[in-house]
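Dropping the structures in below, format is structure tokens.
One chain, subunit A, appears in both complexes that follow, with subunit B as partner in the first and subunit C in the second.
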Partner chain A sequence: MPTAPITLAATDLSSYLPILILVGMAVTFGVFNVVASNLLGPSRTGKVKEKTYESGMDTIGSAHKRFNVRFYIIAMVFLVFDIEIIFLYPWAVTFPNIDQSTPDALLWLGRILFFVFTTVVAYVYGVRKGVFRFD
Partner chain B sequence: MDAPSFLTAQFIASVVVILIVVHMLLGAAGMSIYFERKISAYIQDRIGPNRVGFDFGQPWLSFLKGMWGLGQFLADGLKMLLKEEYSPKGADRALFNLAPMVVVIPALIGFAVIPWGGVLSLPETITLPLIGWTIPGGDVLIAGANVNVGIIYILAVASLGVYGIVLAGWASNNKYAFLGSLRASAQMISYEIPLGLSLLTALLMVGSLMPEEMIRHQSSEAWLILSQPLAAIIVFICFLAEANRTPFDNAECEQELVAGFHTEYSSMRFGLFPLSEYAHVAAGSAIFTLLFLGGYHLPLGLIGAGEGHLLSPENTSIPAMLAKFHVFIFKTLAIIFLVILVRWTIPRLRFDQVMQSAWNTVIPLAIVIVVVTAVMIHLGYRSTGAMLLANAGITVFALGLLPILPRRGGANNRKVRLAGSRFSPLEGETVRTSPVSAFAREDRPVESTLPVHSG
Partner chain C sequence: MNNVIAQLWPEIALFVTTCLVMVVGLSKDRGTRKLCAPISAIGIIVAGYLAATTSVDTATTLPFMAKYGKVLAAGVGLLLLMLMAGTADRQLEDAVDRGEKFEPLRSTRAEFYAFFLFSLMGLMLCAGASDLIFLFLALELTSLPTYVMVALSTRRDRSMEAGVKYFFLGAMGAAMFLFGFALIYGATGSTALADVAYTIQNRAAGTGSIGPLALTGLVLSLLGVMFKIAAVPMHFYTADVYQGAASSVTAFLAFVPKCAGFFAIMLLVGCAGWAFGPDGYGSGTALPPELRILLWTIAVLTMTVGNVLALLQTSVKRILAYSSIAHSGYMLVGVIAGPGPAESTLASNGLAAVLFYLLTYGVMSVGTFSVVAALERRRRATAADAAIDEVDHIDELRGLWKRQPHLAAVMVICALGLLGLPPLLGFLGKLPLFTSALGAGEIVLVVILGLNSAIAAAYYLRLVSVPFLESGEPSTPDAVVPTPFPSRALAGVVAAVLVVVAGLAGGTLGSHAERAGTFRFPTKTMEATRHASQPTSTVSVPPDAAERGPNAR
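Right after this comes the complex of A and B.
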């Protein structure tokens, strides 16, 4: 029974080559389906048929108009949180592997906890401002 | 002539795995549509699809008739290819055509880093038959790609899915589609944050970004669902929300938005949307299996299998690889089954409830779990039992906090009045109702002033 020491984690760029092939396959699949149904299907048009669907009524105006600003605020808050999480990933990979008895480990934990704390402050500010009220 | 430098045994293994798994994923997407219809039929006391077999109307294939309706998804797919591809007049044609492709690509590439079969040991150098090239062998990972940032890749691809939906909604120039895509994007980015935080918890337990390392850690200690059950639940919820599945399918809820962001789509351009949804479900189930259910590992040591049994990471023979592959697929299918059951048992949440539960419940909980896990690792309590206790403590703490938290009395679930309508008349307005049935007429006064709510 071979119990070889396994060398994983290729870091050179060529290990991403299969992903490139996979992306090519996915693109081909999508393009093929859209083009094939375009070629195979019938094509007829008409005055009523080319209207946008609005539950059978005559279409009123365009849909490209202003919408609720709440979606924009959600996107902004999302950016704050998402960038914070991305910064936490390198820490989460290295922190469990270092010797926890050294003072450096405590310092590192403290810094990250402060970093998380700043985000919590932003979150509480958002709650007080009513960002997370959806009604 | 020498072999090109990128051509290693790992490369060949990766390409073979990709070729197999892409087709398995597409097949799983098609078959889960069939199983979804069948399971929902049994839940609702119907029969479900049971006619379409594989006989294609040919008399000499009549022995393939019926087949419990297994040919249904194939027939549906072929039918969609032959339907008319139509786009309304006001639509942005280029983006309208682009959107289904943008939706289907992230759904198909997400699984690339999943180590389906663990590690396979090959000879140090391999001479390819026919061509005669000598390529380096050694240990290869049976995955689409052997990269060291697998978890980040999964997260990156998962967040790509929102682009296609926004494009579809915007390009349709349809109000229902636009609202649906806005809802979908808001919901998907909201649930991405707890997803990232819960993956962070798993990473803190393992200390590596490599998917294979995650399985090794789980096989040497315990599955992460045992040490971090709250994070596992949050990840499952987030995968449902990311795939726009019930109870989070506000993007396409029929009662409010017709079909949501794909209202204007037809033919195979429409077909790519459900296909990518089910591909998302399949890939998400595989990722959940990888992160929390031990991947290909089963605790065979409990029933007396020795060291290096067939499903342990140390066993790198070909039978072990095949066994691991099948165990992984079986676990993934079990999770897909669970997702389908959830869809047909839990009603859809309202949109504001979805967003509330993301921002006011799941995200604070996920932050608390990450902080508690980090502190416990620093203090040296990283065993499964200690983490399980900590999770129980967090649950009790959160439940105890529930009555203390400020409530917005009445603001939630408040009735949105349509001023001047039959149900919300203006101040002092007399409302005339004439119910059709005699029972209702006895029950209700025909003419009265309804109480006017202020606020």
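Right after this comes the complex of A and C.
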């Protein structure tokens, strides 16, 4: 472990120049379009033009609709199982390289099975809580 | 890799128990649901046994703290579990008794016990932490479940309010200590606590001070962790959260985050070391001067604010909340005192004194909270469960000696213990704090500690005397009756018995704390042990796989 203060290696920032130019182009394009249409376009407003759009007809009902919490819960459940998948990827890529005849391979398999077991517990909990009931 | 798993068997046992409890608590059968608490108890006992027999010394400046901390967590955790009976799902189960169908969606029992065990698991991980990132994860695992436990504890709005307050302020504290950890990494180039300690103290030996970046990192981390132990200036949440949560959850909050916070504080302050003196590093046995001033101010303010504000309270839970703030202040005195000279005993090792005090304080606080948790207020007119509320006002404890003498005895013994009256356990816990601080030369701090203990007598003696007073004119028209959960009273009785018995025969417990508080000055060999304990990969790869790559078969 170094005992002197850490010094950063000098980085060559010129390789980032194309990214800066690209960002500049994107910003300029956006700003130019908005400003130009404000300056060059006609400015005619009216009562009908200011109304909320609903396929060209008079609006029915309020825009503040309630929707069921099941969508949010499904997103949360997706997050849990997605994290599990992320942990499975490196294991899946490394596992075929292990010599299958040694006990190490069984240990590796056992570890990932324990991890999958925890996900099964989460799944059973979710089923009992009614998370997957979508009626 | 196997060595890392070897350190984690107690936590793995708790985790398996959590998985079981989460599923069992949602079963359709009433009897299976009631198994949640016994399964948790078995899990905690197994975890405690594993911690006592299979602990590995961590590669930090406090190598023996892991075993002590884990066994402490299991022991007091078992008492806290006994207090938790009936906290979750009481109204739901009464409705099921009346004939309604069990609704798993409305039930909170499974989650409640699972979070209880998760938080206890986090506490054990904290005790065994050897890395900044590990420590952060452990601290968060300890606190996040407590936020939910507070919010779920009763069906009233005030526990939800307490939970929201606790969550937001706790998240702010966590952000602060995470920033501090990042700065410490920036200053030292490593997150392993052994390397951090070695780098900082080596630099201090060379240049005389620990450096501004490391100092900023340490200060920020300590301030963030001060939230957990409810030290001034991060104490503002304590009274409202302790009062809003159900009494059993308050007992949990009074012990577990405080324990985790002190483990973290000792590990962090140990990175700076207690070797500073008037001539810089190596000339004394004190903290670096900036850290010492900060911790000194925080300790004095914490003790004083906690004790003075407790005098003004009429709610038992708020009194105990401010008293817990004061006890954090007392323990900070031990942290300032430091480990003393090498081969020091409990009387001169401030860190061992803190660890022992955590044990004594945990047992006594469980006792006092159990008296509040074992009583409830019921409207005299009807027996409907909608009219059941907690006992909170101190006048509701009047006449307890006549009605429930065992609870009154528990309150008397534990309050006297918290006061520090010999020969109870509290005195045995407080004495090493005094002597170690005196040994470190902190005379003013010891005087302030003594004064504060005297101020505390005012409200502890109030708690002791109230059960003997006549009920007289009942201050509320409700009756104060014991709850239908005998394990809560049992937890209090066990705690009171421990306070008396261990107070008389506390030698062995003290010697465990003494060993746990051994401070090992960071050396190059500490690193070598750490690196050597992580074996290079022993997984065998078939010789031709390396050439062909993973996808060729």
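By our rule, the second predicted complex is superposed on the first by the 72 of 135 C-alpha atoms of A that agree within 3 Å, B and C clash if a C-alpha of one lies under 4 Å from a C-alpha of the other, contacts with A are read in each partner's own complex, and residues count from 1 in each chain.
Here is the rule we use: contacts are C-beta pairs under 8 Å (C-beta built on N, C-alpha and C of every residue); 3 or more make two chains touch, one makes a residue touch a chain.
What you are looking at is a predicted structure, and each value in this text was computed from that prediction instead of being measured.
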Touched partner set for A:Arg44, first subunit B, second subunit C, both or neither: first
Subunit B versus subunit C as contact partner of A:Thr118, first or second or both or neither: second
First, second, both or neither for A:Arg128, with subunit B first and subunit C second: second
Of subunit B and subunit C, the chain that contacts the larger number of subunit A residues: B
Contacts of A:Asp104 with subunit B and subunit C, given as first, second, both or neither: second
Which superposed partner A:Pro96 touches (first subunit B, second subunit C, both, neither): both
Overlapping contact positions on subunit A, where the subunit C interface meets the subunit B interface: 1-3, 6, 93-94, 96-97
Of all residues in subunit A, those that touch subunit B in their complex: 1-4, 6-11, 14-19, 21-23, 25-27, 29-31, 33-34, 36-38, 40-45, 49-55, 59, 62-64, 67-68, 71, 74-75, 77-78, 81-82, 85-86, 88-89, 92-97, 100, 105-106, 109, 112-113, 116, 119-120, 123, 127, 131-135
Residue numbers on subunit B that touch subunit A, as the complex places them: 5-6, 10-11, 14-15, 18, 22, 26, 80-86, 88-91, 97, 100-102, 104-105, 108-109, 112, 119, 121, 138-139, 141, 144-148, 152-153, 170, 172-179, 182, 185-186, 189-190, 192-193, 196-197, 200, 203-210, 212-213, 258, 263-264, 267-269, 271-272, 308, 314-317, 351-352, 355-356, 359-360, 363-364, 367, 370-371, 374-375, 377-380, 382, 408, 411-412, 414
Of subunit A, residues touching subunit C in the complex: 1-3, 6, 93-94, 96-99, 102, 104, 108, 117-118, 121, 124-125, 128-130
Footprint of subunit A on subunit C - complex, ascending: 15, 19, 22-23, 26-27, 104-105, 110, 186, 189-190, 195, 198-199, 202-203, 206, 527, 538-542, 545, 550, 553
